[in-house]
Amino acid sequence: MTSTPDQDHVAAGNGGGVATLDPDELPTAATRTVPWLRIGVIAALIVVAIVLAYVRAGSGVVVVQAVTTGILIGGIYGLVAMGLTLIFGVLDIVNFAHGSFLALALFLTFGLTQAGLHVYLALAVSVPAMFLLGVLVQRGILAGAMGKPLENQLLITLGISLIIENALLLFFGANPRSVALSGDRGVPIFEAVANLSRILAFVGALLLAGLLYLLLQRTRLGTAIRAVAANDTGAQLVGIDTRVIYAVTFALGTACAGAAGTLVAPLVTIEPTTGSLFNIVAFVVVVLGGMGNVVGALVGGLIIGLAEQLGGIYLPGQSPLLSVFIVFVLVLFLRPQGLFRRSA
Amino acid sequence: MTTTTAPAATTAAGKPLPRQPWNRHLLAIAVLTVLLIPLPLILPPAQASVAVRVLIFALMSIGWNMMSGFGGMFSFGHAAYFGIGAYAGGFLLVEHNVSPWIGMLVGMVIAAAFATLIGFLALRYKLRGAYFALATFAFAEMLRLWATNSEFVNRAVGYHVPLRPESSWWWMQFEPASANYFWIALGLTVIALVVSVQFVRSRAGQFTKAARDDEDAAAAVGIPVMRYKLLTMALSAAITAVAGAFYVQYFLFIDPDLAFGSSVSIQAILPAVIGGVATIWGPVIGAVVMGPLNDVTATILRNPPPALEFLQGRGGLDVIVYGALLIIIVLLLPQGIYGALRKRWSRR
Amino acid sequence: MTLLRVENLAKSFKGLRAVDDVSFEVTEGSILGVIGPNGAGKTTMFNLVAGALRPDTGRVHLGGKEITGHAPHRITAAGMTRTFQLMRPFYSMTVLENVTVAVLAGGAAKRTARETAAEVIARVGLDKWRDAPTEGLPTAALKRLELARALASKPRVLLLDEVLAGLVPAERTPVMELLERLRTEDGVTLVFVEHIMAAVMRLSDSVLVLDLGRVLTSGAPEEVTRDPRVIEAYLGEDPHAKA
Amino acid sequence: MRKTWTLSLALALPLALAACGGSAPAGTTNGGGGQSGGTIKIGSLHPLSGSSAADGQQMDNGAKLAVEAINDAGGIKSQGGKKLELVSADTQGKPEVGQSEAQRLIQEGAVGLVGTYQSAVSANVSTVAERNKVPFVIDVSSADSILAQGYKNTFRVQPSSTVLGTSGAQFLDQVSKAAGKPVKSVAILHEQGPFGTAVRDAFKAEAEKSGIKVGPAIAYDAASVSDLTTQVTQVKASGADVLMVAGYYRDGVLAAKAVDTVKPALNAVYGVANGAFDLPQFPKEVGAAGEGYFDANYHADMTKPDMQALAQLYQSKYNDAIRTGAVLAYDSVQVIAAALEKAGSAEPAKVRDAIASGEVPTLIAGPGTIKFGPTGENLNATPILMQVQGGAPKQVFPADKAEAQPVYPAFKSQ
C-alpha cells in the first residue's frame, strides 16, 4: 500500500474510470453478447460516408477502389494496433516503441529473405524473436516503471524507440530496402484492384486477430491475462503471478508487431523510421476500438482505413490524417470508452 | 471519556503554523537570476546558443508542468500552444509588421483561448488519463495538418523573420551571438517561474491541486472544479506560447512541423519529468540537464576519447546514447531529479 | 423551521430504481439519521441531495431555495456540505493544507485562512496530526479530517456518510460528542447515514429508514427500531443487537 | 536558507558543466587550426541520422571526396597550397539543430558552408550564414522561398522548384511532340509540402501555355501516406494520358506500385524532380513495373568522363552507387574551393564575393558552368530528362546529354 501510493491516488482521482481496466474483459457470460445495435449504427454511418463520397467523386470506380484500399489498409492498421491495445489494456502503458519493434521486424524479415527464406516463412522466425525481445524489454526495462505515471512510461518507451531506430540506422545504414514477393500482382475486386501482397497481409491480420481472440477467450493464459487487465490486485489474490502475465502480454504485443512487420514487408519501403508511420495511426485505432479490446482494434483499424481513403475524396489536398483525427476526436468525445466498450 | 485525541482546543494556540516555502523559492529565483546574468559573457557563443535553447525548453516545460503537473491533466499536445505562440509572432511580424512583443501577447491570448476550448470539450466529455492525453495530441496534430495546408499561414513554407539592418529591442533582433537573446529568454523564464510560484501559492493554485488530488472532494468543499481547471490550462498554454513566440525570433523561422510537431510536445514534457513533475524547479532542472545532452553526446562522439574512437562518425549513435540516458534517468529517478533531492532533504 | 426539504426524489441506473420517490424534511438544528440495509440506496440518495448525481425526478430545497441538480460546489456555497464514506483527502497536501483549501473555497481571505483552518483542526481533535502529510494517516485521523474539511466551509447542513465506520468503539465516542457539540454550539443541522445503531439511537432526533430505494418508515429512533417492517428489512436481525 | 543555496548551486553547476563539456573540443580545434593554422575549414551540414539519413550520408561523402580531390591536387595554390578540412555536422533533419550546428561550425572557423538537403533546414542555415556573413552554398533544397529573402551569402547549385517544374513541362511537350503523339492531358500526383506544390504550380502554368490540359492535381502527405491506389484510380478515371509525379523516394515507389496495380491507360509516368524515378535502386525495388518511367530532374552528367570516374571512386570507397545529391555536394565544395583560390584569402567576406562573381565547372548535366545570379540562384541550373531503360535510369533528353533515345509512349501495351 505504502509502496505505491501514487497509483492508488491516481486511480481514486480518476474516479476509477480509466486506470482500472475494462471490466467487460472479465470472463462473464454477459460480455459475450454482441453489441448488434452499435455495429448496426456504425455500419449505417459507413454506408452514408460511402454514398457521400460517391456524390463527391462522381465516379463509382474511385469510390469502390477507395473502399477496397481502405479496408485492406485498415486490416494492417488493426494488426499493428492489436499488439498496442493488448499492452495498453493489461500493462496500462502507452507504448511508443511499438512502431520501432515493427521496424525491427521489417529488417529481420529483410535479412531472412536475403538469406533465401520466403517472406511469409519469415514469420516463423520474426514472431518468436520479437516475442523474446518483448520479454527481455519488459523484464529488463519496463518492469521498473510499472504503475508509474503516464509520462514516465511514455518517455521510457520513447527512449526505447530512439535506441532501436538509431541502432538500425547504425547497423544497416540509411538506404531504403525492400522485400519482393514473387508472383505479386494486381487482383481485381469488383471494379477495383489490389495487390496480392496487400490481400495476403489483410488475411494474415484477420487470422492473427482470430488467434489472439481465441487465445484470450479460450485458454488459461488468456483468462489470466484478462483477469490482470480487469483487476491486477484481484488477480494476484487468486494466485496469478502478475509479473509473468505482464511480461507475457508485453511479449505477445511485441510479437504482434513482429507479425505485422513481416506481413507488411512486401508493401513498404524498409527504413528505420518506417514503423513510426504506423505508430500514430495505431494509437488512434486503439482508442477507437476501446483500449484493451483486440477485436475492437481490428474494427477500429478498418474504420480508420476507410476514413483515410474516403477523407482523401472529401477533402482533396488535405492530408488523409486530418480526416483520421476528425473521426478520432468525434469518437473520443461521443464514446470515450471506444466504440466497443461499454460505459462503466 | 477524555482520550488523548479528544478535542482539546487549548493545544491549538501554542503551536506555530509551519512556514511555507514560497518566499524561499522566490529568493532562490532571484539569486539564480543574478548568478546567471553574466553567463553569456563567459560562455563561448556556440554554448551560449545551447543555453538559450535550454531556457526555451524550460519555458515550454514550466507551462506544461502547470497544467499536467499541478493540474494533473496530462497534456500530450503542448505543441498546439507553442505553435500558436510561434505562428502568432511570425504571422503578425511577417504579414503585418507588428512587433514580436505584441505578437507574443496575442499568441498568449489565442493559445489560452484555444486551451480553454479544448479543456472545455475534454472536461465536458470527462476525458481522463490517456484519453485526455490523446485528445490533446489530436488537436495539436490537427493544427499541424491545418497549417500545412492553409494558405492563410503560408502552408508548409511557414515564415522567415526578415533580417533587420540594425539591432533593435522593439523588433527583438540582435547580432547572432548577442547576449541580449539570452537575457530576454532568462527574463521570460524568470517571469514564468515567478508566475508559477505565485500560482501555486494562490487560491487558484491550491484549488487546482485539490481538484487534481480528488475532483469530487474538491467540489464538495465548494471549489468550482471546471473553472479552475480551465484557468490552469489557459495559463499553462499562455506560458508555453511565450516559448513559441520567442523561438521564432531567435531561430528566425517557423514551419508547421517545428511549431506543431509531436516532438515539440515531447520537448515540453521531457524537462519536467526528468526534473520532477509538479515541482517548481523540476522543469528548469530538467531543461538544464536534457537541453545540452544532445550536444554533449554529439560533441563527445565527434571527437571521442581514444577508448571510444571506433564510434566516431557513425550517424545515429548520439541519439542512441541520448535514448539510453533518458531511460536510465526516468527509471532511476521516477520522481525526477528535484523530486529525489527533496525526498532526501525531507528525510533528514 | 424546515431547512432541508426533499421531495419525491428518484434515480434509476439502467432500469434499476436505486432511489424511488424519497421525500423527507429536516428542521434547522436537528439531527436526522438515515439507516437501511446494504443496497437500500442511502449513498445514492446522499449523492442526489449533495449534487454529485442529478436526480431523474424530484426536488431538493435548502433554506427555501431550490438546489435540485446544482453542481456540488454551488450546493456547498449555498450552505450544505458532505463527507465521503471512503475517505478522500487531497493526498498531496498536509492536514492543515487540506483544511486551508476548504476554508479558502468558502471565500475566506488568504491571510487568515490558515489560522482558521488550524482552529477547525484543533476543534475536531486533529491537532497532533496538523502538519502531517495525509499519506499514511490512521483511519481515525482521516475521518476527522473529512469532518474538518467539511466544517471549514461553515455549512448550515452537514451530510455525513458513515462517519463512524472503520473506527474502533473507543474512537467513536469523541466523534459523537463532537457531532453533538456541532449541533448545540454551532447550530449545524446534521443528516447522517450510519450503520452503527448505537450512534443512531444516541444522536438522532429522527430516523429515516430506506429499503430498496424507498422510504420504509420514519420517526423517532425508538419507534422506528421497533417497527416490525424495519426488523424484517434487516433480515430478522435485531437492530438493537448491533449496539 | 542552506537549501536555497544548495539549490542555486545545484542548478548553476550543470550549466557550467555543460558549458565545459561543450567547450573542450572547441578548445582542441583552436589548437589544431582555424584560419591561421594549417587548414581551411569548410562546414558540411547534412542529415546523418533520421529519416533522410541515406541521402544525408551520401552528400556528406560527396563533400569529403571533393575535399580529398582538392587536397590531392595540391590544396589551395593561391594560398600556398593550404589544405582544406571538411568539418561535418549532423542536422538530424531538424532546423534548430541545423541552426546551432551551423553556428558551431562558423565558430570553429569554417569559411564556408555546404548543405543541407531539407528546405526548412537550409532556410535556417541561410539565416545563420547571412548574420555571420559566411557564404553558404546549398547543394540540395529546392524551395523557392529560401532565396527570396534577399540574402547576400546564400547560393544554390541545384535548380529551384520553379525551374524544375517549368523545364519538366517543356521537356514533356517536346519529347511527346517529337514522338508524334503530343500530350493532351496530364494528371498530377504531388506531395503536399512546399516542394511538391511549387513544382505543381510551375509545371501547370508552363504546360497550359503549350495547350496541355492539366488536372486533376492530387496531393498527398509524403510523411504518412501508405498507399496511393485510390489516387491512381482517380487518375485512371480522369482519362489523362500522362501522370506527373512530384515527390520523394518512398512515396514515388508507392506511386509506381499503385500504377502497376491499377494499370491506368497512360502514355507515360513522368516524374518532375522525383526522388525515386531517377535512382538506380528504383528499378530494383519495383522491378519491371518501373520500366519506361521518366524523371525530369537535375542529375549528374554521366556522359562526362570526370563524372564516371567519380562514380567509380564512390562505388569503390563506399560500396554504394553515387546519387546526384552527393555530386551536388561535391560541386558545392568545389564552388567554395574555387572561390578560395580566386580570392587568395580565407576571409569569409572575400570568399563570398569570389563565389558571387566566379564560374565553376560542374559534373551536373546542364547547359554550362555553375554561375550565380544576383539572388544567388545558379543561372545554369536546369534539369535533364531521365528514363528507366533496361532496368537502369538513362539520360534521354536534351539530345546533347542523351545516353539513349527517349521511348514515348513509354509503355508498349498501349
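Some observations on this one:
Order of writing sets the chain letters: A, B, C and D. Residues in each chain are counted from 1.
Quick note on the criterion: a residue touches a chain if its C-beta (ideal position, glycine included) is under 8 Å from a C-beta of that chain, and two chains touch if they have at least 3 such contacts.
Because the structure is a prediction, the values reported are computed rather than measured.
The minimal number of chain-to-chain contact steps leading from chain A to chain B is 1. Greatest Cα centroid separation from chain A: this falls to C.
The mean-CA centres of chain A and chain D are about 36 angstrom from one another, to the nearest whole unit.
Each chain gets a centre from the mean of its Cα atoms; for chain B and chain C, those two points are 42 Å apart.
Note: centroid distance chain A to chain C, computed from Cα atoms, is 47 Å. Of all residues in chain D, those touching 2 or more other chains are 49, 53, 56-57, 192, 221, listed in ascending order.
In chain B, the positions touching at least two other chains are 145, 148-149, 212-214, 216, 315-316, 319. Residue numbers of chain C whose C-beta contacts span two or more other chains: 88, 91.
The touching residues of chain A, when paired with chain B in their complex, are 9, 12-15, 17-19, 88, 94, 141, 144-145, 148-152, 154-156, 158-163, 165-167, 169-170, 174, 280, 283-284, 287, 291, 317-319, 321-322, 325-326, 328-329, 332-334, 336.
Across the complex, chain B is touched by residues 50-52, 71-74, 76-77, 81-84, 88-94, 96-98, 100-102, 104-106, 110, 114-115, 118-119, 121-125, 127-128, 130-131, 140, 149-150, 152-153, 170-171, 173-174, 177-178, 181 of chain C.
Of all the residues in chain B, the ones that touch chain A in their complex are 68, 72, 74, 76, 121, 125-131, 133-135, 137-139, 141-142, 145-146, 148-149, 212-216, 262, 266, 269-270, 272-274, 277, 314-317, 319-320, 322-324, 326-327, 330-331, 334.
Interface residues of chain A facing chain D in the complex, by the touch rule stated above, are 57, 59, 61-62, 65-66, 68-70, 72-73, 76, 166, 169, 173-176, 178, 180, 186, 192-195, 198, 267-269, 271-273, 277-278, 280-281, 309, 312-313, 316-321. Listed in rising order, the residues of chain D touching chain A in the complex are 49-57, 192, 216, 218-221, 223-227, 229-231, 233-234, 236-237, 249-250, 253-254, 257, 260-263, 281, 284-285, 287, 320.
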